[in-house]
Each structure stands twice: as structure tokens, then as C-alpha cells.
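Each chain gets a letter, A, B, C and D, in the order it is written, and its residues are counted from 1.
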Amino acid sequence: MAYPGGQLSEEKVFKDPVHRYIHVRDKVIWDLIGTKEFQRLRRIKQLGTTYLTFHGAEHSRFNHSLGVYEIIRRIIDDVFVGREHWDHSERLLCLCAALLHDLGHGPFSHSFEKVFRLDHEDFTQAIILGDTEVNKVLRRVSADFPKKVAEVIAKTYPNKLVVSLISSQIDADRMDYLLRDAYYTGVSYGNFDMERILRVMRPREDQVVIKRSGMHAVEDYIMSRYQMYWQVYFHPVTRSAEVILTKILHRAKKLYEDGYNFQTKPVHFYSLFAGNVDLQDYLKLDEAVILFYFQQWQDERDEILSDLCRRFVNRHLFKYVEFNPTNEQMTKLIELTSLFKKADIDPEYYLVVDSSSDLPYDFYRPGEEGERLPIYLLMPNGELRELSRESVLVDAISGKRRTDHKLYFPADFIYDFSTKRTTKKKIIEILEG
Amino acid sequence: MAYPGGQLSEEKVFKDPVHRYIHVRDKVIWDLIGTKEFQRLRRIKQLGTTYLTFHGAEHSRFNHSLGVYEIIRRIIDDVFVGREHWDHSERLLCLCAALLHDLGHGPFSHSFEKVFRLDHEDFTQAIILGDTEVNKVLRRVSADFPKKVAEVIAKTYPNKLVVSLISSQIDADRMDYLLRDAYYTGVSYGNFDMERILRVMRPREDQVVIKRSGMHAVEDYIMSRYQMYWQVYFHPVTRSAEVILTKILHRAKKLYEDGYNFQTKPVHFYSLFAGNVDLQDYLKLDEAVILFYFQQWQDERDEILSDLCRRFVNRHLFKYVEFNPTNEQMTKLIELTSLFKKADIDPEYYLVVDSSSDLPYDFYRPGEEGERLPIYLLMPNGELRELSRESVLVDAISGKRRTDHKLYFPADFIYDFSTKRTTKKKIIEILEG
Amino acid sequence: MAYPGGQLSEEKVFKDPVHRYIHVRDKVIWDLIGTKEFQRLRRIKQLGTTYLTFHGAEHSRFNHSLGVYEIIRRIIDDVFVGREHWDHSERLLCLCAALLHDLGHGPFSHSFEKVFRLDHEDFTQAIILGDTEVNKVLRRVSADFPKKVAEVIAKTYPNKLVVSLISSQIDADRMDYLLRDAYYTGVSYGNFDMERILRVMRPREDQVVIKRSGMHAVEDYIMSRYQMYWQVYFHPVTRSAEVILTKILHRAKKLYEDGYNFQTKPVHFYSLFAGNVDLQDYLKLDEAVILFYFQQWQDERDEILSDLCRRFVNRHLFKYVEFNPTNEQMTKLIELTSLFKKADIDPEYYLVVDSSSDLPYDFYRPGEEGERLPIYLLMPNGELRELSRESVLVDAISGKRRTDHKLYFPADFIYDFSTKRTTKKKIIEILEG
Amino acid sequence: MAYPGGQLSEEKVFKDPVHRYIHVRDKVIWDLIGTKEFQRLRRIKQLGTTYLTFHGAEHSRFNHSLGVYEIIRRIIDDVFVGREHWDHSERLLCLCAALLHDLGHGPFSHSFEKVFRLDHEDFTQAIILGDTEVNKVLRRVSADFPKKVAEVIAKTYPNKLVVSLISSQIDADRMDYLLRDAYYTGVSYGNFDMERILRVMRPREDQVVIKRSGMHAVEDYIMSRYQMYWQVYFHPVTRSAEVILTKILHRAKKLYEDGYNFQTKPVHFYSLFAGNVDLQDYLKLDEAVILFYFQQWQDERDEILSDLCRRFVNRHLFKYVEFNPTNEQMTKLIELTSLFKKADIDPEYYLVVDSSSDLPYDFYRPGEEGERLPIYLLMPNGELRELSRESVLVDAISGKRRTDHKLYFPADFIYDFSTKRTTKKKIIEILEG
């Protein structure tokens, strides 16, 4: 690699609460961090609306991206260098892919992707390969370097070991976000001994494997992941905020399509509504922009839009009850839908079933959809063995999808008996039943 | 107190990384947290632009306000209750004042207050006393309760013990922000043994005092404060961002006054520019709104405004050199000013002297400006003694103001030799000399 | 309770790394801590020989006993007080039982109890009820107070809620030792959110139950326990030290019974060897005494005793291989035994099978041996439900005993080919096979 | 270096709560740790009797020695390697000196050295150079290697940079013990950002220096040291235990010299009493041995010896009052001495003035006794500047010795009015006056 500048004359560091310090020695990494596309990640929260449940979770994707980079740097520089199977000329490629893996994330990705049928991974590719500062920096390494970085992130790069460092069931991405999200939310669930895991990682031809002696640290990591999903990421209050956010986007789109005359025109949304977002439009989106609109729209004349925006901005969220999609419950839902209409509360926006689902760890199911690379243990005799075959704990939760359904609604509307009292009483009866 | 609802049937908790949990038992506190004026603090960062230096420092004033409340709650409920000098009927007043003490902060307060000559404390008063959700909640305690809360925050409340809990040289505000800012930035300087300090706090007629046996914990706190100021709060890179921010506001105001035709009109700034901000205008300001404008203004035709906004948004900050306001240096500054003009770099926006100054601890100087209440130690014999008389460490730094001056400038402009090469070489010579 | 002194005039605190501070307000607790029987716990390590594997694990049972006391104090004073089912007049009884629950532990309990067929619980009873300083302090509460404390610890006290605080599958004992042992060893496995668990504990008629909303914190605790057992408590290197310790005791006893003429007579062991230890003899035993003998015995003429003592004192431990008690392996063991004899290495002391076994959590099996009280969740509707019925994770490991067998031997002897080379080669072949 | 074995095939690690892991790659280090002289450090507490004040402080010198080694290893392998002034062939020498620097410490060093006029540094030299396992291991590196290691520890080694790594005012020894003692006691005072300090250390011809940019981390370290001395190391309760310990040793020596007939003969003390301790005798001493004697001596007929031993073993310590060696106070002391005699309380053992004194940081005073190497900052221009010239904080405490005097006595004896009531009342009057 003949990157102009090569190594920095003095190592640069970022103080980081999770990894203590992020160390940068390569000028290309320093330059990538300085691009405007990477700086934009400062304006996108790592956990979207989770800060409305866990007030500490205000950290950005910029934070996390540096963290993933640092983990990969340590695996390579402290553990892999000099070992069999590891090709050290892939180092810089790994570091860049680690740093940039989340580059395409937009504001409140989860909801935006769902409503506008986007995929942040497409935008990551587009930013790396398109007319951007990031692309210019990468091209200074070599003409085909951007393409290689993009391939690693897209998991199509031929060297599967490199791919597995960035994305597998025990990759640097997951390790960083579990530790980081635990740190900022203040929960203890996400903690595991990353130092130990790094020390027992070994390169193999096609993937990273874990020495058998480190199995318990991996078990602990899998349990952390399981707990973080159910305690933090799928927290019902966060999901309530997501539900409202989704409904705001739906309502704005519908109004726009209906020719509604906005006081604050959704200029930044036009191409989203039209389904033809180009890269430059996309890069203008961040959470400051979205929040600006939501705040302005609190004063729109459309009552649904303004109400939903007020709810989001001021955290007046929907309440929820358990909801299982049995026949009996579905019948109730139909009844509720009709009662909501009767009570002048539009069920399309105010009665929402939301589901969360996670597969804590999966063994190998070749060919099946959503196939995930399992974690392999390196036994003392050199053999590889799939994790769930060795670990009682992991076996117990392996391959078992857990799903949770909840029904969200605006309790304040329902309990406001100044209108439609009888209907609302009926609604309450069903909800509380 | 006859607040409707009184005590919550089940205590509510917020998971907090600094205090583990924030406990809420009083319904009035719960209701205050739910007001839109309080929720607005989620959109204002505790440390303004510091996140551009310490990427972890993305936490909001919402976080901090809950923290101050929790510290006061613990002092009262765990230490003061039942002790002489402590009037437990002031409890709810203290809790409310603690929670609301920063309510009037606007976006990037430091720069905004300086440029537009505002004072966030005036707005705190206005929000508590004006037509707001917060005021409505407080009035439900009693008609004069909002006024009392406002007085405690304004330090005019007759019970000086109550005032000193909220504002003194060792108040809950400072304890929370030191610990919290250290946590989020990841530096270790801000740590001290708050548990110990809380345990040795004692109520006296006019103020909180500290048992002599806890002096070392207080020394440690004073040292933490000293270090945090110079390592974090006055970090020269953060000050560079503040300098740019200030200049953006100046430029926008000037353009507006000159009748410049903005593509994105500074609607939210009109009353700031005019110097007649009313409460409702003010409450619409938050950092999402400001960032929205800055992002839009990157595309304004005015080159200075768009350049400064691009610098802020993409973190292309000014560089700096030491600058001491000696005669010799002032002569250099005058020379630089003229060279900048010659190089077509407007010195009004691009050559800025910035100063930081702190008084780590002050003993008592009655009548002098900026008088600060000293910390008193409660000696075993019941006597009170001013801290710096007992502590060698504190005495060493007491009353000594330390000031630091730096000169900021855009290195990229100066080192761009495509124009005005000779002039720029001269500038560099002086700056590096 | 009319304990002379009652409440201390000023609360006393102990700085504790795990709970930050241990708070003592009751004079009886303060006085108990000051007794010589309680101070003796400073000379008995919490984790026996574990410090030979994890060098940080040098903490004593004194530490842990204070910790259990503090947890119980917080459950009662912060959570239970004023709640239904909780009889606050049991408070002092609970505190005393918590503090004293491990009082009867001797040096290296595990091995001593096994070799000399003792039970530390019998000694705990004896110390509380016998002619001791502890008994004197307790009797000052009331004449029957020692008996009540002893009953709580023996689990025969009528109020089963009180018993379950001190001993159940989620008691203060376990919570303290997991956190404490994790802290001192430096492993992260033992961490769980105790704060959260304390907050969701509720008193019921017969036991402590856990609010359903805290289930995940309990899962995390169960997983911590599981990991600590296999990563720390059953660590094969620690077990190697235990094996040697056991063999020293066996050898000394045998020599004594054979009339061997000790240079350093095992005075402190006489009643242990004779199987008639009385309380005063027992209280003279601590780990300093035992280590003194082992150090002296390094110079005894009996080669086995001196060798084993040198191994223990200087940490020259046995090596190990996996050993499963299958027919095939048992045959090998018999062969090894005979080869050891042939190589002049006494298999009675130098070829040892050691097993560890744990049941991470057990549901309710009334009437079965080793029956353990299950953990019950308090559902929102007031119903109680056994933990493993709600938790997928706990269900997966519930009731499943895991056992591990290893074969220990002195590798240095075997690999010393200066004598019996051929036989030793055969031994190695079998061991490595 | 041609050490047989050279590098270990797989790096070994020790789990350490302070540094997470201790990494060992060099076989010589591994072998040194396995020697019986090094293992002996497990039986000597790092902080002597401090565990009687801070119950967590039960960690051994073994712990600390590994920690110092690890810090030096990280300085060399992560920071110094490849830098100017650093001769990498000194690496192994530094590591060995770091590991072994405290090897000569005996049980309760402070008191033993004072009473028996020993110096642990002499014994460190003797162990390294004498007929020991440690010496054998070191000689396998080269014949003169033990001598070089001894010289580094004795500060006579020609390469002063190497010496300053091991002993200076900011050496690995101090950094480890501050962090470690803070960890085990649970106090927060000892924390500072060691990571940062390591990163800014630079080798110079004669010593380690610190980059100016790291000055604040060094200030924080100096403050930590200051606080740890006064909060932990000189804690008056710990000093009370030391006073008693000293008096036990004095008494036993006197009795021995007087021909007293001990029930438990002080065999291990004979050469100490005689002032001719040889190395083999010395190596048999550890805290288990000493505690064994103290426990036995609780039953000696000599009332002073048995009383003092009971006090030490059961932690019935002396109380204290402030005592300043003014004329007035000295007169009181003389009066007290005579009153103690009158009350049949031997003042030689029961009335003790104890002083503690520390110099938190010293600038350079060449030629003066106790001269200490100052800390130099490496300025951006390459110049070296002594720390207290740059740091206001350090300057404030630099060169200022602080001393504290206390008078210790057995309060229980004094307040026992069953005998000598009038005399004792007078004693109390003077003590409380």
C-alpha cells in the first residue's frame, strides 16, 4: 500500500469510555474519520429512540464505528499478526471496512427503512463507491481499494476470514455494540470479557475461530447478547416510540400524496416519498433534520400529524398490552378497530400491533434463508467443533426464535371520557380483560 | 403539601449510568419530568460542542438534571432527615429546584449567551413562572410554590441552607456534572468519592457544611474539578468549535441586518437578532433546530457563512497557537490582522483570540464581585473552619485565577498557496515564530 | 429488643470494595464484629486454595460475612420495611444470622471437612450457643436470642421468610460471594445487577419472591453462578491444590496413628486425628496455624509428607488429565496404579481422581434428597410461578447436574527418567493416550 | 540472551483485577515466578496490618510484584521499543528487576525492620545473589545476570534509564501499588490514568521523562499518592496495630534476653533477637509463622506479652489522641508516664508516641540526604523541565514534608475503674484535656 502519508508521525488517540483509547497510526484511517460522510454519523444515534427509555443512550454511530475499528485493530495487531492463515496485507482493508461498515445508516434507521423500503447497506455501498470524500480517500490507497472495502462489507470478498472478522455471530461489530450500549444505558447485562475473547481468537482459512479454552467467555457473550436484546433493544417503551415514529412517516407521506398543504414543506422527504432517493439527498438526512421537521409539524393543521409529532417530541408515548396473534385475540383486535373508529380515534394510526423477534444464536443451516455462520471452537487436537455441540448453555437457546407481540394505543385518548364515554369504556374493558 | 397524587403507588426508577438508578417517589417530580419544557432538555447537550473533542460527550442536560435531583434526594432522605437545622418541609422544594435548575438552558448556551447577550437563568425563571406545563404542575402544590422554586434557583430564597444545597462550591450540580462528564468522556479525572461526601455533609443554619473527617474527599473533589476544567471543559479543540459557532452567529446576524437574501431564512433567529426573544420563541430553540440551519447554510451563497457552517458541521476546525496578550504579541496580532486582509481572509471571522479562565476554589471575599460561598469544615469541637485554612492542597490553589489565551485561525486557508503565496508565507512565519 | 447501647450514636462504616460501604447502626452488630470468634474469620480465606490459581483471591471470610450482613440490611431497611408479610421485629435476628452464618468455618474447610468428617455448620451452632464472646453478646439481646439466631442459620426457625433471606437459591450469601469472588479474582463472570434484584424482592408468607419484571436480572444471576462454578470454584488447578492438601492431612494422620516421631509435633491436630474436636480446640485452628505446620513439615524425614508440604507451600502442584469413570478408563486406572507402585511412586498419595459437580438451579422436588427451595416469580396478577417455567434460559439448565472428573499426578516425578525409566515411559503413554 | 526455553510456545497469562491480565512470554520470568522464594511473597501482605482498618486490604506482595512486572513490560513492549535512547537488549533485565524488586520483604516489614534493624533491600540482594532457586534461574541467562539484576534494584547499575524505570518518583512500583491498594481497600483516591502516563513516557539518556502533554495525568498521580498516604497508609488505626506489633516484638526480645521460659519457644526469632539473621532463617519467616507465634503467645504467663498478642490477634487496638511534640505536650507526656506507672500500666508498652511523615513530591536537591530524582517534562521543543516548575498543583506541595504525631494507649485499661480509679481519672483528664 502506498497511501500518501502512510503512517502518522505520532500515533493519534481518541479517548473512548469503552476501550479507553482508540489508536490511529494509519493516515488513511485518520483521513476517513475526517470526511464529511463519516462525521455525519455523529448526528445519528446508535440506538435510535432508545434514549426515550434509557436516558443515557444518546451516543452516536460515530462512537460505535470507531469502536469496531479499534477492536479489529487489536485483533490484527495484537493477536493475528504472524499467525498461520493470516495474510497481513489484508490489514488496512479490514481496518477500513470496520470503520465504514455502518456508513450508510440514516436517521432512525429501523423505522425509515421499514416505511420507505430502504436498506442502509445499499447506501454504505453507494457512499464507498460513489462521488464522495470517503471514496476519494480510499482511492488514494489504490484504484480498486474502494471496491474491495465494499465487498468486505457486502460479505462477497473472496477471503472469508476477512469477512468473518466484520460480520459473523461473534464479530467486532457485535462486541462493540453490546459493550457500548451497556455502558451508555448503564445496564450491566451487556458486559462480557472481550479481552479474553480477543486473546482466544484464531485465524483459520475461512473464518475466525475460538480456542476451546475460551468457550465460557463466548457463552457469556451470547448470554449478554440475549439479555441486551430483550432488556434494551426490544424494550416495549422504545418500541412505542418507534411505532409513533413510523406512523408520523406514514401520515406525512399520505398527506403529501393527497396534496395536503404543509406549513413546513417536507422538502427533505420528497425523494423518500417518491421512492427515488439519490445519494446526495440521502446524505442530507440526519436526526437533527428529522427532529426539526417533527418539531415544526407539531403546529400543522392536520390533527393526526401534529398529535403524533407532539407525542414523539414531548415523549407522550402509547401504552401497550400483551397481544398474541391467536384467533381469540385477532377477533378482539377486529372489535377494537371498529370501536376505535366509533370513538373517532383512527385505528390506522392509533391501534398498532408490534412484534419483536430474535434468534440468540444459530447453528449451521446451509441453504436456509437467513443462514448464519456458526461459531466454531478450536479443540486442543486442532479439530473444529460448532459451539452449541460443546456448550450446554448455548445449545439450550440455539436456533430457538423468541417472538413478542404487543398492542399499542394512546391511553390518554381512551381515558378521556369527555367524548364517546360508552365506547371508550368498552374499549377499556377489552384492553384490560 | 397536598399535591394531587402525592406519593406514587410504586416508586419509579430511571436506569442511570452514574448513580445506577434515579428514584422517583413524588408524583410532582414524575409530572415535572413529563412536561414538554423538561423533555426539551433531551435536545440540548450537556457539554455543547465538547463531543467534537471527546466523542463520548453526547449526553444531554436531561441526564444531568435527573442526576442533580437524585443527589439532592439522597442528601435529604439518607443524611439530613431528622437532623438539627434541617426543616424537612423544604424537601419537595429542594427536589423541584434541583430538577429544574438548568431548565432555561438553550442550544450551545455558552456561545448563544455571549453573542445574543442572553442569560439562561432568566429563562429558567421565566419557564417556572410563565405560562408553561412546568408552572401548571408546580402550582398544583400551592399557588406560591413556583415562586419559591424560582427563588431557590435565583439564590434569593430566605432559607440559605436550601440555597446552598443547589448552588455553592460543593453543590449537587457540580458533583453530578463532574462525575457525569467524566463518565461520558471516559476521562478518569472527574472521579471522586461522592458517597463519602454525601455521608459527611451536615445541615447548619445558613449552609451545608462538611465534617472534618471528610476533608480529604473534598480535596479530591476540588482537584477533580480543577482537572476537568483544564482537561475537558477548556480543551483548545472544543474552544475552536465554539469560536466557529460564535462566528457563524455573528455572520448570520450581520447578513440579516444587511438585508442579505437567505435561501434558508433564519426564521427561528429573528427575535434573537432583534434582541427581543420571548419565552415561546426561546422554547422552540434546541440543538436540532440550530444544526438544521447550519446544515442548510452550508449551501448559502455568502462564502463566509457557508464556509463556517461547513467547518462546524464537518468538523474542519481552526488550528491554534499560544497567545499571551503582551505588547509584543499584540503587535504581532495587529500585523497578522493586516496580513490576513491582504490574503483575502477576513480577520473578523478567521483570526480570533479566545481566553479561558478558572478559579478552582475561592475563600470568602465578602462584597467583592463574583463572591463565592466558601466550603466550611465542621470540626470535632463544633467550630466551623474555612476549607483552605485546613487543607494544604486547597490552600495552594485557592483564590488563584488561571487564564489561558489562544489564537485561532484556519490552517487550511493559510497553507493553501494557490493564491497569495508570499503573504501567507509571512503569516506562517509569524504564527510559527 | 433492649440491647444495652441500642443504636450507635453515630453510624459506623466499613469501606468495602464490593458494596462501597458497610453500614452499622446497631450496637449488637458492632459488638459481634469485635468478638474474637468473628475476628478469627480474617484468618480464613473465603476461597481456600483458589489464590494459587487466581492470585487476587486472597480475601477472607471476614470480608464476605460483612457483605452478607450489608445485603440483608439493605433488603430489610430499603425494600421490606413497611410491606405486607414482613414482620419488622425480625430485623435484628436477620442481621445477626447474616453476619454469623459462616462463623463455624475452619481453615481450608472443604478439605478439612472431607478428611476429618466435620461439618462447619455444627461449629457455627456451637459457637453461637456455647461459651463464647459471640454468645455473650447475643444473650444481651435476650436469653433465647442465641437459640433463635442458631435456628435461622440451621433453617429450622418457624418464620420461613426469615430463613429464605439467609439460605435459598437466591440468598444474600450467594449474591455476596459471587460479586465478591468476581471482584477479587478479577473475572467478569460473577457480575450481575444486584441493585435491581434487591429492588424486586418481595416478602411473602413463607419466602422471598421476585417480581416478574426482574426476571432477567435473576437469569443473569443464575448464569453468573453457573459460570463462576466452572470458571473459578472448580478450576482444575485449584482442585490440584485441594488434592495435595487432602493428601497432606491423610499422611499426617496416618503417620500419627503409626506412631511416627514428628520433628514438629501436630499438636493442633491431635483432636482432629482422634475425631473428638472440641470447640476451644477448633477455634484455635486457622490458616496461619495450618500453614505453619506445612512449612515446618517440609523438613520432616517422612518423604511423602515433606514432599507434599513442599508442593503445597511452593505451589508445585499436580498435573491432570481428563478422566471419565468408564470401564475402559477404570481399567487404565488400575493399570496406572500398579505402574506407579512399580515406579516407587505411592499411588495412594500421587494418583488421585477428583470430581466436581454442580446443579446450577433446581426446581422443586419435594421429598428428594438435597431438595432446594426454588425461586418464585411474583406475577403481575399476584400469582407465584416457579422461575424455570417462565425463563427459557433457566429451564435449559434447571435440574441438570454437571460433573467433571480429572486424574491428578505429579508430572515432575513421572518425567524424571533418572530412575525407573521404562515404567515411567509406560505411565506417560497411558496418560497421554 | 540464550535462556534455555527462551520464549514460551504459548503466552501465559495471570488474571489480575488491576491490569486485567499479566502477560508472560519469557521462560525466565515464568521460571522465576515458580521459585519458592518468589512464591513466599504470597504469604506476606502488601500492606501489613492495614487489613485491620480496611478489611479488603488482604492482598499479598506476590500480587504487587506481578503488577510491577506487567507495567514495565508494557512500557518497554508498547512504548519504548524502537525509540531513540532505548537499548532493547536491556529488556529482560528490566523485567526481572521489576518482578524481583520486593523479594526481600519479610513479614510485617515496617515493624520488623524497625525493631530488628533490618533492611529488606539487603535481603533482596542476598536472595538474588545467594544460594537460592531465584539465583539458579537468573544464572541460566548468563553468569553475571544475577549481579546486574541486583544492581538495577540497588540503583547502582550504570544505565540510569533502566534504574529510573524501577525506582523514581513515577516508577512502575508506585504506579502499581497506588492502583492496587486502592482497588483492594475500595477507596477511590488511588485512581489515576495509568494508560495515559504510559503513553507519554519517553526514554532519555539518563532517565524516563514525561511528555508535557501528559502533565495533568502526572499531577493526578501525585495527588493520588498524596491522598493514599494520608487516607490509607498512615491511617491512625493501622498505626495502632503497628504500635502493638512493635511492642510485642520488643517484649518477646526482652523476655528472651531475660531468660524467660516460653511455653512456645520463639525458635524462628532466635537469630533476629541475636541480630545475626542468615538468609535461610530469613526465608522461613512469613506472616503465617508470625501469626502462629502471636496466637500461641496469647496463653503465655507473661501478662504484657499475652495481652499484646491478644490485642493484635483479636483486633483490640489502642486508642489515640493528637500529640504535638511541643514543650507543653512533652510535659504532659512525662506526667502521663508517671501516672501510668502509678496505675500499674507499663508505659514502656502502653503509652506510645507514633509519627508519620511524607514528602509528596520533591524537586531536585543534589547532595542532600534522601535526595530524590525529580520528574522531568519533555517540552515540545525538546527541552526538559522539572515538573514543579510547570505545575501549579505540584509546586504547591513540592518539598513540603508533612508530619503527624499521635499518642497511643489502651483505653480499656484506663477506663477500667475497678483499680486505681483516682489515678485513671487523672489520666483521662489529661488525655481528653
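Convention: contacts are C-beta pairs under 8 Å (C-beta built on N, C-alpha and C of every residue); 3 or more make two chains touch, one makes a residue touch a chain.
Source: prediction; values computed, not measured.
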Relative to subunit D, largest Cα-centroid distance belongs to chain A
Of A-D and A-B, the pair with more C-beta contacts is A-B
Taking each chain's mean CA coordinate, subunit A and subunit C are separated, in whole Å, by 44
Cα centroid separation, subunit A vs subunit D, in Å, comes to 51
The distance between the C-alpha centres of subunit A and subunit B, rounded to whole Å, is 32
Subunit C touches at least 2 other chains through residues 20, 187
Seen from subunit C, its contact residues with subunit B in the complex are 13, 20-21, 195, 199
Residue positions on subunit B within touch of subunit D in the complex are 187-189, 191-193, 216, 219-220, 223, 226-227, 230-231, 392-393, 395-397, 400, 402
Subunit D partner, complex, touching residues on subunit C are 14-18, 20, 34-36, 39, 42-43, 51-52, 54-56, 58-60, 62-63, 66, 183-187, 284, 286-289, 291-292, 295, 310, 313-316
